[in-house]
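Take a look at the structures below.
Below are two complexes that have subunit A in common, paired first with subunit B and then with subunit C.
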Partner chain A sequence: MTAGSHRHLRIIAYVVGSLRRRWRKNVAVVLVYGFVIFTLASVVFLTQSLRREAVAALQGEPEIMVQQLRAGRHGLTSIGDVAALTRIVGVREALPRLWAYHTDPASGETLLLRADADSPPGDREVSAGAELLRRRGLAVGGVLRLQGQTGEPLDLTVSGVAETATPLESAALLRVSRAAFRALTGMPDGQATDLALRVRNRRELPTIAEKISQAMPSARPIIRDELVRTYASVFNWRSGVIIAALLVPILAFILFAWDKAAGLSPDERREIGILKAIGWETSDVILLKVYEAVAVSLAAFVLGTLLAVAALALPQPLTVLPALLGWSTLYPPFRPAVALGAYQVTTLFFLAVFPYLVATVIPAWRAATTDPDLVMRA
Partner chain B sequence: MRVTRSTAFLGLVLFLAALGVLAGLDATRRSLGAEARFTANRALARWFIFTDPCLFTDARYTRHPSLADRHSPFQDYPLALEHFPSGSLIPPPEHLAAAPRGDAPPNPGSGRR
Partner chain C sequence: MIELCDVTKVFNAGQPNEFTAVRGVSLTVNGQGCTALTGPSGSGKTTLLSLIGCMARPTSGRIVIEGDVISSLPERFLTEIRRRTFGFIFQQFNLIRGLSARENVMLPAYPTGAPLRHVRAEADRLLERLGLAAKAEVKVEWLSGGETQRVAIARALINNPTVIVADEPTAHLDTALSLDFMEIMRGLRGEGRTLIIASHDPLVYRSDVVNRVVGMRDGRVTEEEAGPR
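Up next, the complex of A and B:
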């Protein structure tokens, strides 16, 4: 073993003893600092999870969706408009889609009705997301009662579990036949909710959207990639608002931790003075304080991050989730799949360790560079 | 007379307090002056049958929350997540918040009648 590593080991052994001697202070700092990290990590992780969820949901959507506007509101689209859109150069195909929201008569939650062309259920059947069936206590063969457009109850037999890509789909999707869809929504024949456009070249999307607006001035082309960008910025904005709202308690806790960590107690001063007097170098004292700070802040970082990850799996979501979701709380409750980005964890790590290191090492360095006699007398 | 630090501090506090009182007086004067405008606005709101004041202009459902529904925030595509900035500042009004309703029709297949 080299002399250098031997020195480090001896200092670490001393650090363990010193942490144990002042365990009350260190545990308090770890708890408070860990709570701050937990709060920030919860916001950051949930934001990342929701963004991932939104992008995952958009993966299955067509490149451009065309909706009609009537009196400034979303209106129904005529299936006949398909011909005009497929004439636009670059459009591979245009498909009318039937989808609508339906208020669950049992819970008041917003569900999604979809009538797809491929392998639809029978006219008196429905296939639903697994989570929706679980929450309603239904199995395949059970009967789901919905409310028709005119208010009459409509009983549909559950024919299967619908394939879903995201937790939200699993909690809210109902797949029905076109006839059942029209009975539930009152949508007339020849009309569709929107038109889905598949495009050959993604670089042509803005041009195609412009051509659609020219050909159909009342139409609103929605470009999928733009929605992805919107979601990224809106969730960033919302997490920023939440952190701003939490800033006062967070700052109070940071000040508490800072005060505990940065203010060298007379005991610690005397200890540094004695160490210097018995022959420790200034660099040894600083190394000692660096190890101490790293041990405490790393413990707080690990504690806070682990708690935040564990909170993502709690049955009752944190209050941060509804604030991030906004009006999406009208959907049935769903848990976005946990997404931890290396970028987020690294940012949190530096946010946790670096300020703490600076706060503790600088006062220690100042004490270590003063004459031991003065330090011990102070 | 020598101005001590404490005198200077007291002077500053008194000066700021006087400014605060002046600001309050000014606000009262302005709000009294605005009463005529409020009366005109009230008459206008009655004439148009306005439902609620428009606090945000970005999203339709937050513009007039009393007229919002459970579907309009998600119209961009199936199961869209609501994405207007004001959506997190004004939560859905109470009459829309999803909650089990006592008068819901029983689910015939669930065995929970």
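Up next, the complex of A and C:
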């Protein structure tokens, strides 16, 4: 082993002892800092989870959706528009889709109703997401009672578990027949929620969308990739708002860290003076403080990050989920899949370690560059 | 040999509380002897020791150690010289609380990169020599005044320095412990080390260990005399 390695090992050994000697202060800093990291990490991880959830949910969507606008809002589409759309060059297929949000008065939950053309359940049957069935305590063969458009109860027998792409779908999806769908929503025959288009060449999507707008001025073509980008922007924006709201406690902590951890106590100043006087170089003292700061901030980072992951994995997330989803949206309870991206973890790591390192090392450097006899007399 | 040429040290220069601690001191300390700096409080003894021991830089003048002018060296080189050449015994002992006697003794050797087992063996040897072998694991705040000072002496010796610098070493000791301290100094002098001790305690500067007494007042050298031996 080289002399340099021995020097580092000795300094690390000294750091371990030093952290142990001031364990109360260090534990307090780790707890407070860990809590700040936990809050930040919760926002970052949850945003990432929701973004992935949205993207996964949209993967099954058609390349272009065409909706009709009525009074500037999404209105029902006539199935007769299919013929006009398939005449547009580049469109391979146009299919009417029946889907709707259904508020269940019994539970207060907003569910997602879908009537697919492929292998639909019978008219008195329903296949539902696994999480929805679990929450309602239902199994195949059980009866799910919903309220029809005119207020009459509609009993549907659970015929199977619907395939779902995301935890949110699993918690909300009900697949029914077209007849049951119309009974539940009041949607008239010949109408659909929107039309799904498949195209021959994905590169022509913007052109086809433009042609649809020209041919049907009241229609709104929505390209799936644009929807994905919009969802990502919405969640980014919401997490940005929350992080902005968190700035105050974060700044408060930075002040706290600067005052307590960085502002050297007389004891620490004296210790640095002693180390300098007995032959430690400024670089040795700075190395000592760097190791100390890295140990403390790393502990806070690990603590905060693990707590955030644990909180996300809980059945009822203890975090900022409602704020990120939006208060006005009454989703059924669901647990987003924990998604940890390298970018997010790295960002958090630097947010955690770097400010503490600077706040700790700069005063130590100032103390260490003073003549040791001045430090000792102070 | 240590040589000071017209050395002045001013604190807080240019500020209302400017204070000149050492004024134009010229002094030569030859090797293998014991020099006592005496004088009342505030006479500049401690500052002069700091300057000699490379803990502070003079405002003006030159300090030469073994032929090398060190007063203008960058801090890094000054630290290296301080670690290699000097061992310090401070008035307040300045041990680090919470660490054991052995750990305190080993501290000056940490930046040298010497292997741990060598440093530990040397620390134990020094503690044993000073009668503290049984206290090696004891935290320094639990030691008596005399024991604390002997730990400070052991720490001063861990890098095997040629010069021992002691600032008011008997200020917190009773007569018996002060005499013990001077006996330890006698041993160190006998090993060929140079001793420079700042003290206004007659037990120190009238001891036969001291062979030269330098009087100070108001930052100046006022008198020099040969010691008892």
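Here is the rule we use: the second predicted complex is superposed on the first by the 374 of 378 C-alpha atoms of A that agree within 3 Å, B and C clash if a C-alpha of one lies under 4 Å from a C-alpha of the other, contacts with A are read in each partner's own complex, and residues count from 1 in each chain.
In this text, a contact is a pair of C-beta atoms (placed from the backbone, for glycine too) under 8 Å apart; a residue touches a chain by one contact, two chains touch by 3 or more.
All values derive from a computational prediction rather than experimental measurement.
Colleague: Which partner does A:275 contact after superposing on A: first (subunit B), second (subunit C), both, neither?
Modeller: second
Colleague: In the overlay, answer first, second, both or neither for which of subunit B and subunit C A:168 touches.
Modeller: Touch status of A:168: first partner only.
Colleague: Would you mind checking which one, subunit B or subunit C, touches more residues on subunit A?
Modeller: It is B that touches the greater number of subunit A residues.
Colleague: Is A:65 touching anything from subunit B or subunit C once the two structures are fitted on A? First, second, both or neither.
Modeller: first
Colleague: Quick check for you: in the superposed arrangement, does A:143 touch first (subunit B), second (subunit C), both or neither?
Modeller: Touch status of A:143: first partner only.
Colleague: For A:234, is the partner it touches subunit B (first), subunit C (second), both, or none of the two (neither)?
Modeller: After superposing on A, A:234 lies in contact with subunit B but is clear of subunit C.
Colleague: Going by the contact rule set out at the top, does A:105 touch subunit B (first), subunit C (second), both, or neither?
Modeller: In the superposition, A:105 touches subunit B alone.
Colleague: Looking at the overlay, does A:371 come into contact with subunit B only (first), subunit C only (second), both, or neither?
Modeller: Touch status of A:371: second partner only.
Colleague: Considering the complex alone, what residue numbers of subunit B touch subunit A?
Modeller: It is residues 60-61, 70-85, 87-89, 91-92, 96-101, 104-112 of subunit B that touch subunit A.
Colleague: Please give the residue numbers of subunit A that touch subunit B in the complex, ascending.
Modeller: Touching subunit B: residues 50, 53-54, 57-58, 61, 65, 67, 72-74, 97, 99-101, 103, 105-110, 112, 114, 136-138, 141-145, 147, 153, 155, 157-158, 166, 168-169, 172-173, 194, 222, 227, 230-231, 234, 237-238, 241, 322-332 of subunit A.
Colleague: Using the touch definition up top, name the residues of subunit C that touch subunit A in the complex.
Modeller: Residues 11, 46-47, 50, 55-57, 75-76, 79-80, 82-83, 88, 90, 94-99, 103, 107-116, 155, 159.
Colleague: Which residues of subunit A touch subunit C once you look at their complex with the stated criterion?
Modeller: Subunit A residues touching subunit C: 1-7, 9-11, 14, 17, 20-21, 270-271, 273-284, 369, 371-374, 376.
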